[in-house]
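Common to both upcoming complexes is chain A, partnered first by chain B, then by chain C.
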Partner chain A sequence: MALPLPSGLVPAEVAFLCEMEMITIVPRQRLESIPMLSGNTPALRPPRRADLPLWLALLLKKQRRANIVPPPWLLPASLQEIIHIETNVDPQAFSPPPPPPMRSDGRGIARPYAVTTTTTTSSGRGGGGYGNANGRDEDPNTKELILAPPFLPSCTQDAPSGYLPYHWLEIAETLLAHAADDIPNAPEVRALLRDLQEVRAAKMRGSTQHLEGGGGVLNLRGVGAMELAESRGFVLGVVDGVRKLGASIEASRREEELERGDDGGDESDDDMEL
Partner chain B sequence: MDIDDILREVDPASQSIPAETRDLQALTRAWVAERSSPELLRWPADGLFERVNDRIKQQIERVEEMTGDMDPKTNFALIVIQTELERFKYLVRSYLRARIAKIDQHTLHYLSSPDMRARLSETEQAYATRHQALLHNHYLSSFLSAFPPALQNLNDSAGNISMIDTPDTDTAVFIRLLKDSLVEGRGTDGDGIMDGKNGDIIILRWSDAKPLVDSGRAEVI
Partner chain C sequence: MSYYDIDAILTDAEKVPCKFELDVPELGYLDNNPAQPLKSGTTIGLPLWLAELLALANRVPSTADEDAKSFVSLNLPPALSNEVMSALKADPRAVPLRDQSHNFYGLGTRMLDLFEEKEICAVLRRTFVTRAADIALHAGKAGATDDMGVGAGEEFLRGLEEWERKLFKKAHDGAKGTKEWMEGVKKH
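Moving on to the complex of A and B:
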């Protein structure tokens, strides 16, 4: 009954997660709105494009009811640009993640897409939305929900090109496997993805060098979900192993610092380096 | 669909993410966090699970109604609904099983203090208590009864060593920052402080990450 899997998402679970990403499709058939558990799907009217979760888009694609619009970052030009960034501009770090998507609030102000304030009134049918629009201060009924992948529109047709989203590898592999005819120049995309994967895998392995020192925090900005899942066991094993080996050193260092701290003055200069 | 729904759909100010979608987002986040963190997290207090379970029940009823008519058009909608239902059930089941795995591993720890007990849902408390009682009775009848009475407890803390096994809260985790914030982490050779930006993915110890995650400034991935 208890889950036998190790701590941390395994690749199959990451693949499940990535299927929640929204993707743009061009329907070939009319389809009425379907009442789903996660809200109603948009009614499909060819040739009007619509955004659907990836699993549903794949289902429609398999039944030839729709075509998938590949996200802009999956086009060869964009992938080449990313490879250029990865190899030449910054050979140490991963290429940056996409900038936070914005949306208009209808009053001429661009608001971040990811932040939604929701009023949790007991009536349920969020009626008080207007009164709350300008009063975002500490209202106990207003709850802030910050979205993160896979619920950001990072794979729809409006996504920026030249940035890899968090679920890039899984999405690209899935699309190439099930909708290769919708991706322009699929063989080239496949080759570019392979290059990209190799460049980034080398960076992931290289990042373990920083783990040895045990500096406390390590930033891996721009890393992808599948890359994390692949090396999670290794990376976390190294971090925990280093911690256990150095546990006594750390304990004595902390005692020393505590004593020095009691003498007066915050002497934290020496532990500033990362 | 009434006029309010139509207005809400075209009004960008209301940022119309329906409640169902928000619940899916919250459920997904809770699942990922539970799968990746070394200790049991707090059971969601705002009735998230009750809502999701109610909806799953309603959806099952709808599926039962829809299987009656064999119109090919509704047939496809049925497939979609059933697929999504399975995905939801998988999420819920995996979440609960991940929690049970942690409870099984450190049952006495989670039952030991009111603070820890508060993390469990009512059913989980009942499960953990009964599971522990059964286990202890089994031990008593098979070998513990042969011991002196003073040694028959499972929660001794003689000699400053507690018998109760606790999860290692210093295990490293990956988190993603949701807001710009200062990240402090303890390390073996030195402690690190970092000016974290929204979207940063950071490796650090769970004990250092917990305040960030609890305050909603970061999520476990």
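Moving on to the complex of A and C:
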């Protein structure tokens, strides 16, 4: 044990990273574009909505210079739908993550999300790769589309409802703490979030059950960053323990395989790392 | 497993029943009989590190027609006996593993290296996974209410052996980190 730090990100680090998610605001005052290391923020003109990184949006919200538009998945109806999926439709797995951002442009042609929606100069602390001043006019083929979570507009007003994005828990908690007056029916949202968290935490605890018979860990598709940070130590501990307990049997099985001469030992489950 | 791993060292010190295969003079005190040499066939609990060496090393045969034999023959420790295994098969949660051995799984893996016991391996695996779910539940509760090991949590911790305690601590740390952040987010 050289470093006392746990492997992976701790919850506080996850919460920090989540602050570069883009979020939609309605400005109340004019604000000129701010040059940042990662690009310029959009110039704010009061009635027009704009996408800003969460940290800047929260700052403006606290100064009463903007209102936050909650992402569609944070509305009560959407949360109820997700809870329904989690409990009734597929009680074994987590609800699926948002689909890849494609949307129809009215002529029946699906276009990449970022091209059709970046109407404003949206670029902040992390959005350097995806924000583009004239995104609409540009040829979609030349535009680089990055589909990784920090650059996906998963928490803006254009995000799909009914799907939890990667940073759902952090965004929801932060918005409820600092912008509860902007969220319609905040107490209900809070209660629904608690339910959702409980349901998913129970699944996370049960995710290692299948290890006993030699099956793998439950499919973790759709799990949020905060849930991962919370359960990483536990899941890794269980996997490691099962590996150690089975090590001698595994070694003798390999020896047998070697003796039989069939080299079907391609699957190297030694370097299993989450 | 590092050289200075305290749990590995403690596992090495666990006693394993060994049957001596030869007479040893001057060692009778091990069997509470200092006047006599230690008779062959006596069963004595030896620490794992010593027992392993003695069981695996071969001694030179005294006569030409004798096969090379080891000094002692190993047996499974009481913690891995049939009674414990059947209790674990019946309900893994009901057995306080710490009463069997402080390093139950550590001892188990060491013995599985020496004995090829597929069934014990399967039972240990099932026990570990089943109890892990319980541990996660308790760790989450302890993380959500107060510091770990208070009240009901203490009673639960008492039955856990070292691997499980580490697991409990990891699960608890995760739950605690999340809870701390959740409380902190409201303040600033």
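Definition applied: the second predicted complex is superposed on the first by the 200 of 274 C-alpha atoms of A that agree within 3 Å, B and C clash if a C-alpha of one lies under 4 Å from a C-alpha of the other, contacts with A are read in each partner's own complex, and residues count from 1 in each chain.
By our rule, a residue touches a chain if its C-beta (ideal position, glycine included) is under 8 Å from a C-beta of that chain, and two chains touch if they have at least 3 such contacts.
Just so it is clear, the structure is predicted and the values come from calculations on it, not from any experiment.
Of the two partner chains placed around the shared chain by superposition, chain C is the only one that A:205 touches, whereas chain B remains out of contact. With both structures placed on the common chain, the touch criterion links A:55 to chain B but leaves chain C unconnected.
In the superposed model, A:261 lies in contact with neither chain B nor chain C. After overlaying the two complexes on the shared chain, residue contacts for A:174 are found with chain C alone; chain B is out of touch. With both structures placed on the common chain, the touch criterion links A:11 to chain C but leaves chain B unconnected. Chain A has more of its residues touched by B than by the other of chain B and chain C. Once the two complexes are overlaid on the shared chain, A:36 sits against chain B while remaining clear of chain C. Touch criterion met: A:221 reaches chain B, while chain C stays clear of it.
With both structures placed on the common chain, the touch criterion links A:243 to chain B but leaves chain C unconnected. In the superposed model, A:91 makes contact with neither chain B nor chain C. Once both structures are placed on chain A, chain A residues 1, 211, 232, 236, 242, 245-247, 249 are touched by chain B and, in the other complex, by chain C. By the touch criterion stated above, chain A contacts chain B in their complex at residues 1-5, 7-9, 13, 16-17, 19-20, 31-32, 34-41, 55-56, 59, 63, 65, 97, 100, 103-107, 111, 114, 116-118, 120, 124-126, 129-130, 133, 144-148, 150-151, 211, 213-223, 225, 228, 232, 235-236, 239-240, 242-243, 245-247, 249-250, 253, 268, 270-274. The touching residues of chain B, counted against chain A in their complex, run 4, 8, 11-15, 17-26, 28-29, 32, 35-38, 46, 52, 55-56, 59, 62, 73, 76-77, 79-81, 83-85, 87-88, 90, 94, 97-98, 100-101, 104, 170-174, 176, 178-179, 183-194, 196-205, 208, 216, 219, 221. Residues 1, 6, 10-12, 15, 173-174, 177, 201, 204-206, 208-209, 211-212, 226, 229-234, 236-238, 241-242, 244-249, 252 of chain A are the ones touching chain C in the complex.
Listed in rising order, the residues of chain C touching chain A in the complex are 2, 105, 108-109, 112-113, 116, 118, 121, 124-126, 128-130, 132-133, 135-137, 139-140, 163, 166-167, 170-171, 173-175, 177-178, 180-182, 185-186.
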